[in-house]
Amino acid sequence: MSSTDRQSSAVNPVVYVTRIQSFCSAHRLNSGSLDVQTNGQTYGKCNAVHGHNYKAEVTVRGAVDAITGFVVDIAILNDIIDETIMKTMDHKNIDEDVPYFRDNHIVSTAENIAVYIWKAIAERLPKSVSLDSIKLHETDKNVFVFRGEFV
Amino acid sequence: MSSTDRQSSAVNPVVYVTRIQSFCSAHRLNSGSLDVQTNGQTYGKCNAVHGHNYKAEVTVRGAVDAITGFVVDIAILNDIIDETIMKTMDHKNIDEDVPYFRDNHIVSTAENIAVYIWKAIAERLPKSVSLDSIKLHETDKNVFVFRGEFV
Amino acid sequence: MSSTDRQSSAVNPVVYVTRIQSFCSAHRLNSGSLDVQTNGQTYGKCNAVHGHNYKAEVTVRGAVDAITGFVVDIAILNDIIDETIMKTMDHKNIDEDVPYFRDNHIVSTAENIAVYIWKAIAERLPKSVSLDSIKLHETDKNVFVFRGEFV
Amino acid sequence: MSSTDRQSSAVNPVVYVTRIQSFCSAHRLNSGSLDVQTNGQTYGKCNAVHGHNYKAEVTVRGAVDAITGFVVDIAILNDIIDETIMKTMDHKNIDEDVPYFRDNHIVSTAENIAVYIWKAIAERLPKSVSLDSIKLHETDKNVFVFRGEFV
Amino acid sequence: MSSTDRQSSAVNPVVYVTRIQSFCSAHRLNSGSLDVQTNGQTYGKCNAVHGHNYKAEVTVRGAVDAITGFVVDIAILNDIIDETIMKTMDHKNIDEDVPYFRDNHIVSTAENIAVYIWKAIAERLPKSVSLDSIKLHETDKNVFVFRGEFV
Amino acid sequence: MSSTDRQSSAVNPVVYVTRIQSFCSAHRLNSGSLDVQTNGQTYGKCNAVHGHNYKAEVTVRGAVDAITGFVVDIAILNDIIDETIMKTMDHKNIDEDVPYFRDNHIVSTAENIAVYIWKAIAERLPKSVSLDSIKLHETDKNVFVFRGEFV
């Protein structure tokens, strides 16, 4: 009996696997749709270039393989995170170095960074798992979660 | 096109924003519906006056504004938390100083404190966001979440 | 009016109560369904005996009792956790000392440990609460959640 | 050769062993030497009854036993901490329930609590170790260390 | 007997008080004494503009006042930290916005930031305490301490 | 003027640099100098094979280079930690896989692991820095520091 056969039985538990990755980036909050004064009023001290040790929690959902006991090989998840988060944003200026933000003039709020990470990871995941959520800690006190919902 | 217009389009991502606030309060667990002996049996060492560094995670849910990239101005959320949590409970005795508990003879369990915070914050939130959950850490080991559900 | 009467009214808030417990165990990842080489390829360095400070977050869901203000007496939850986690796995070799894994040849991945804890705790809970989730931190970076779902 | 013999040789490494213990207490800052107004000015919001999840780090210093590899049996250290911290201050009102503070009219600042813990533990330690420091976290942001120094 | 009198007696305990403050800054590592290639080799990915959630632990040392039980009014320490750390570096680009680094062409390594904080705080402290150490967490894994020593 | 020249001037600040590394190992406490019963009494539940997520804080002390602003290139420190901690102990059974413990019949207490890390790192450090301390967290509650002292 193959792993696939056993996975398709009705008794495989579903587990949510979270991999946590920290990265250090510079950014500023400044909207091209707003004038200087409104940017200052809207973003306050975040209108200046500053930076964070961001912490991203990437959570995927899938069935536990009956043979290996894994939902997903963490190394695969790690490679995807390395490509989409570390190589793209770590020790970079998000507004200047990440094409998604720079070319689309998207403000690098934590909300938009979480959405960006979702999009970048979702298209690279193996089919056996689905993306559940991206949780982004901007600081110890401000945390943002995107679950792929739109209105 | 105004921000409101763009928000009403079908492509705005929904993000959950959490603001974390610590506060230090004294309390004791003692029910006016129970006699002294039953209070002692029910609450154990928590029947004596003691205290905690509570940590509250206030999570709201809303669409990301297409102009500002914000779900909500954290400063507004902070003001609401300051009024409902900090001014009301921080460095206070919850049983004696918070009218909700004192006047209604509600036992200041973490469960009831989470419900209290929910009620106090829900009525002050701007209409653009909805309250998702109150997560209250009483200690590093005991955590309580209220999501506005009733039975 | 008894506590039961008041609990059955429509106004009791539902709160999720989490108790967090750390434990230290040794294990290795090795599947009896795989040959030596495939085990090495599948599990990498985790194919050797090593160990972790696991951290389990046990979350139950229930109505807040109108008299006591409790969803559940934490001492009862603690006793269940002590029996199912601490006495069974703490300072043990999971593969050799825990019958569930040893006798059923189940690989001690974090996924399967989370499922095991769910099963062991679910059958011992008082009827007033239901099990919501088991969150298992294998390390600071790898976290696994089981919510009782199967596919 | 006995353990004592080997310990007295010149090659035993000296290790500092820290045991960390949390406790929950209520207190207020109010000095019997100051009038009401000065107390209010001196202690601000801490002049009201409130509480904390304190965290104490008790560090002892001693030679590593050549046979057991221990500086001290942690269970002995734990018993001393249980007696001096947990039974005395946990889930208590420090100002009213701890004789050292109540009877001597000592203000329960974190400084004085650290000194109290030092005195209580120092006189109970086995002779093979010496007390190195008491580190008391009042909150995540305020930390106090006493090393037995006086001026 | 005045507070000063009592402080000068031989029985006042000495306590180390630490205040912890987080701040978010952008910076890059680039030395004006090195050419472009050597800067790249020396600083690697830190040669690009990025940022951190720094965490500074400011520790002062002083006698516990016999009347108030304080080594120092934390509010005073807080004001000094606010002026020297928060207003100067938080949500700023250290290399461009902090005169100490910009005007003296000092590379904004964590080592030099710790030295800068020491110098800025030392000259503002009240005479009753002395500066013991500045501990700067650049990330969760890299920590730097300056104790005022020079060689 | 070379970097070496400037380092030898009297104005270079001395900074303590800490690199923190986690590792996962299995072990048991069992002394070849003790019989089975005494081992059981001495080590309790630690006499069985179990494991930990250890966390090591390696602190070195050195002058800040006037050109680079570094005490030491963290990459060099990392390589040494990788060789002495990660390759030697991570995902290993310390008692069986680490020659220092296996061949010398040294009990793998946290005290002895800290001493082992000290010895392994001290002989590999560049001459510009000296080893200050090894801090080993066995769990969140038990921490051990070795500073190279012997009695």
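Note that the chains are named A, B, C, D, E and F in the order they appear, and that numbering of residues resets to 1 at the start of each chain.
Quick note on the criterion: a contact is a pair of C-beta atoms (placed from the backbone, for glycine too) under 8 Å apart; a residue touches a chain by one contact, two chains touch by 3 or more.
This is a predicted model, so every value here is computed, not measured.
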Chain centres computed over CA atoms; the one at greatest distance from chain B is chain F
The chain whose C-alpha centroid lies farthest from that of chain E is chain C
Cα centroid separation, chain C vs chain D, in Å, comes to 34
Taking each chain's mean CA coordinate, chain B and chain C are separated, in whole Å, by 27
Dist(centroid_CA(chain A), centroid_CA(chain D)) in Å evaluates to 43
Touching two or more other chains in chain E are residues 140
Contact graph of the chains (line, ring, star, complete, other): other
Every chain pair meeting the touch definition is listed as A-B, A-C, A-E, B-C, B-D, C-F, D-E, D-F, E-F
Note: in the complex, chain F contacts chain C through residues 22, 24-27, 45-46, 48-53, 90-93, 96-97, 139-140
Chain F partner, complex, touching residues on chain D are 10-21, 57, 59, 63-64, 67-71, 73-75
Within the complex, chain C is touched by chain B residues 29, 31, 33-34, 42, 44, 106-109, 111-112, 114-115, 140-147, 149-151
